[in-house]
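Shared between the two complexes below is chain A, which has chain B as its partner in the first and chain C in the second.
The block that comes next holds the complex of A and B.
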């Protein structure tokens, strides 16, 4: 029983990070109706910036985190303005952002490889030590990851629900033309949406990098997981991204426990196929933001 | 079918036959202006740090041989030129890169794959297809040698530039037996678990090591295979926590996986004896894993320029040329290239059959040991007289040689987490 609880906790923790990365992807789909294949690279840049600010420059982790997130937000805004913005409302919009973001992803990966090198970088834990929760050994770092994920998801939800920007974003998501008529500058909304989405990915990297590592290819696995999560939860649904992330994390952990590591993805994807078979729009359909 | 179609079809066949003949060229009688060596290695992806080091080792060897004036071929001294392709540790990418080097760059010898067993498993078949000598670098999978042993005629142009997984397995098992004999460890359930990467390299090492333990009356509690570059080991460690194996053997080529595993291993307070294959070989492992790396027992510590005299000068050359600390991957790349160039030098020709013959006769002291091929499976022999595969323990942040006892620089210390 104890080991089952331990596996559920493992799944919840990694799942909470899947949720964070997937929320950004889902946010972009919900608002701009495009898939962002460079999302994993914002995750990667977040990890590198945290390494440079926290480890190489010796900055306080909180300040380093804040600086890294602001920088990634600005990078997201810059990329939206310089690349995505010019493709908006042009013929081929259904495919052009997909190709463009694949290009951005390849560029960013190779940029990181050339400039920062192929050697893996490591960030020390933000919180040292272990806690024993109901007989399960858990590092404070992992507890911190879980707490941060919950706090950020709640704040993000409240921001979308109650802030002026959140309302404008939801209005754009529901009907962009009507939103524009009511005075919403949809191009600014798109730009900020892209920046927020990148920041969510970067935050996941900041939290996970001390446990894993920082390298030019670190963005690919979370991107794949995030796509799985948004499909499982329903494209464009925030609730779907959150619940989908946790479900995927728990399924993977239980897959390792009941079968073996090589069956981990098989178990997760079998459930995904079953869900899509029963509910083709995912767990939460295409519910508006 | 009308006459035009028949003529067209005949023309296609003639062209195809000509293409096949060109493709099957064994370089004999060519009037080359340079010796063209191709190399495929993971220059990007989770194993890129090893791939780039291998590339640098190969480049350094070529540079040194060119500084000596190149190699005499058919009575004329020719310079050496090296071409690289990125395999990304993926077989399909490796084959594509190898085909490009063979067909477009017209290389005379291919080092392939310099690193990944899975890639070599696919690339080795090109040796007979194009009749070109192929020498692999670091791959150890037993499956490569088994393929050669089953059909030596087909693989007459393929030579495996490293020893087999059994060498790692023997070191792991014998080191364990040494610890047991010295009362440093007493098993409770005689169970061993493996956590390895899901590649030919990882699976082969787990398989062969597992058989040695089983032969000694042990049981395999779990064999967990994870994808290359995997870093979330909490589910695996929770599972092993419940199975309580006496010994855990891990094997990854990605140092990120190794760092993540040892950190998470300490964090979850696992109580098994931990033996590792390959990943602590990377100098950044100790630096990144920090205190979690202490007391880990691993193999192979075959590159230690602080202790081994013949490796000191090489370490300086790498440092001077690339401004990085040298690793065993640098040395492997260098040795593979020098082995290839030695064979060409002795063949005095770019003819594939003559180069392959000289590869088979190779007997050379390299940086990592003495290179001699086993004629039955074309793989390099391992052991004290050939390529040694010693075990080390990380003690206070430094690698100490602990096995074989006659060459050890330190005695093993008990792993404090073992319950």
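The block that comes next holds the complex of A and C.
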């Protein structure tokens, strides 16, 4: 029984990070109606930057994290400006972002491989030790991950709900022409959306890198998970992305518990297909932001 | 300013197309020239490495053509095409290794197995409308097939892979071993031409009209009495069957299979890039795209370690200038078939 509870908690914690990566993806779909295949690469860059600032230059984790996130935000803005912006409103918009983001993804992955090397890099835990809560062992690192996820989700939600940019962003996603008429500069919104989305992925990488490791290919699995989560929860729905992430994390841990770790993803994907079979719009339908 | 603009537009038009149409743009001429060139290539090229690259590009052309039937013509955004390719390869390879089934029969069995799998996957897919949902369901299915292939170690040896898969049996004096690559070339060329023929026939017939109607507006098609379910199912099954045949050819040509080599998402990405760069919803687009990309990638090997880096950047540049793919830029007038 204790093992099951521990597995479930682990699933919940990893799932909370899936939620972060997925809400970035969902944010971009909600506002720009495009799939971003380079999302996993922002995750990867986030991990590397954390390694360089925290481990290689020995900065304090908090400062290192802040620096990495700002850098990834700027990278996201830069890519939106130099590539995506020029594809907007052109013929072929339904397919051109796919190729563009696949190209960016291949470029960034191989950049990491060539420039930063193929050796796996490790980041030490930000918090050492284990907590023992009601007989369940849980490392402080994992507790920290969960706390960060909750804080960020609440902040993100408040940002969307109450800040001027958040409102402009939601208006753009609901009806971009109407938003533009009311004076929203939609191109700035797109730019910021891209930046925020990249930052969310990078934050997940910062938190998860001590558990996994930093390498050029680390972006692919979270991308796949995030796509799964986004669809499971219902595209364009923030609640869907967050709850979907947790559901996927828990499903995976149940898969490991009842079968074995090789069959973990098979279980998760089978459930995904069944859910969509029964509810073709995902768990939360396509609610507006 | 305005007049100047109009003039440039006019000049551009007359360069790419005029009222009568340039000779090299006329369809029968292009098709005949293309087929003759493809038939003659092994006579001109004796280098077995170059021939190998050509075989691979024809193989990817089959995959891209069959994916295009689903995505470009029927509007079903599948992202699991590599699973059917892998399934065909594994069924045919295991059939010949474990049961001693002739690889020629394997071509049929691989295609049938993939078609059957396509039938199963299309059931949940038929209920979905939005492209990302369809993409994820098909991708999830592909991941399941890949994981099953790598987890059933007793049968498939997992990531160690199947080695020493038989070549196609001799037909009279014609052998298909690696020493006689030109015969394998003609075999895959035949498969590709058959694929083109099948898709052409489908798209020219009533099924083609129905599929295009569904792509443009499912609701409108349905209200006019088009049996949406039947046609979508049909497109899915034909498309996966063709991918399965390609997989079976690949298994008996390469002689070795691992789940990652045939069913990794990279294969899907390659099919997608080929089709979209070539031109989605055109007949020639996937073939040209495959030639350009597969051969181009091989000849970028001189770039050494920086090859993929530059490839990624090139994709971005190409899509910035040709957001609709090569074929639509070169032949703006050519109707999509």
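Descriptive notes on the structure:
One rule holds for everything that comes next: the second predicted complex is superposed on the first by the 289 of 289 C-alpha atoms of A that agree within 3 Å, B and C clash if a C-alpha of one lies under 4 Å from a C-alpha of the other, contacts with A are read in each partner's own complex, and residues count from 1 in each chain.
As a working rule, a residue touches a chain if its C-beta (ideal position, glycine included) is under 8 Å from a C-beta of that chain, and two chains touch if they have at least 3 such contacts.
All of these numbers come straight from a predicted model, not from anything done at the bench.
Of the two partner chains placed around the shared chain by superposition, neither chain B nor chain C is touched by A:248. Looking at the shared chain after the overlay, A:86 reaches chain C, while chain B stays out of its contact range. The wider contact with chain A, measured as residues touched, comes from C rather than the other of chain B and chain C.
Of the two partner chains placed around the shared chain by superposition, neither chain B nor chain C is touched by A:21. In the superposition on chain A, A:122 makes contact with chain B only, while chain C stays out of contact range. Using the contact criterion defined above for the overlaid structures, shared-chain residue A:200 touches neither chain B nor chain C, since it reaches no partner. By the touch criterion defined above, A:276 reaches chain C but does not reach chain B. After overlaying the two complexes on the shared chain, residue contacts for A:257 are found with chain B alone; chain C is out of touch. When both complexes are overlaid on chain A, the residue A:213 reaches chain B alone and has no touch with chain C. The contact surfaces that chain B and chain C form on chain A in the two complexes overlap at residues 109-110, 262.
For chain A in complex with chain C, the residues that touch the partner chain are 29, 35, 83, 86-87, 90-93, 95-96, 98-100, 102-111, 114, 220, 224, 227-228, 230-231, 235, 262-263, 265-266, 269-270, 272-274, 276-277, 280-282, 286. Contact residues of chain A toward chain B in the complex are 2-3, 6-7, 10-11, 13-14, 109-110, 113, 118-122, 124, 130, 137, 139, 142, 211-213, 215-217, 221, 252-253, 256-257, 260-262, 264.
In the complex of the two chains, the chain C residues touching chain A come out as 123-124, 127-130, 132-133, 135-137, 139-141, 143-144, 147-148, 150-151, 265, 269, 272-273, 276-277, 280, 305-306, 308-309, 311-316, 318-320, 323-325.
Of all residues in chain B, those touching chain A in their complex are 43-46, 48-49, 51-52, 195, 198, 222-226, 229, 231-232, 234-236, 238-239, 241-242, 255-256, 259-260, 263-264, 267-269, 284, 287-288, 290.
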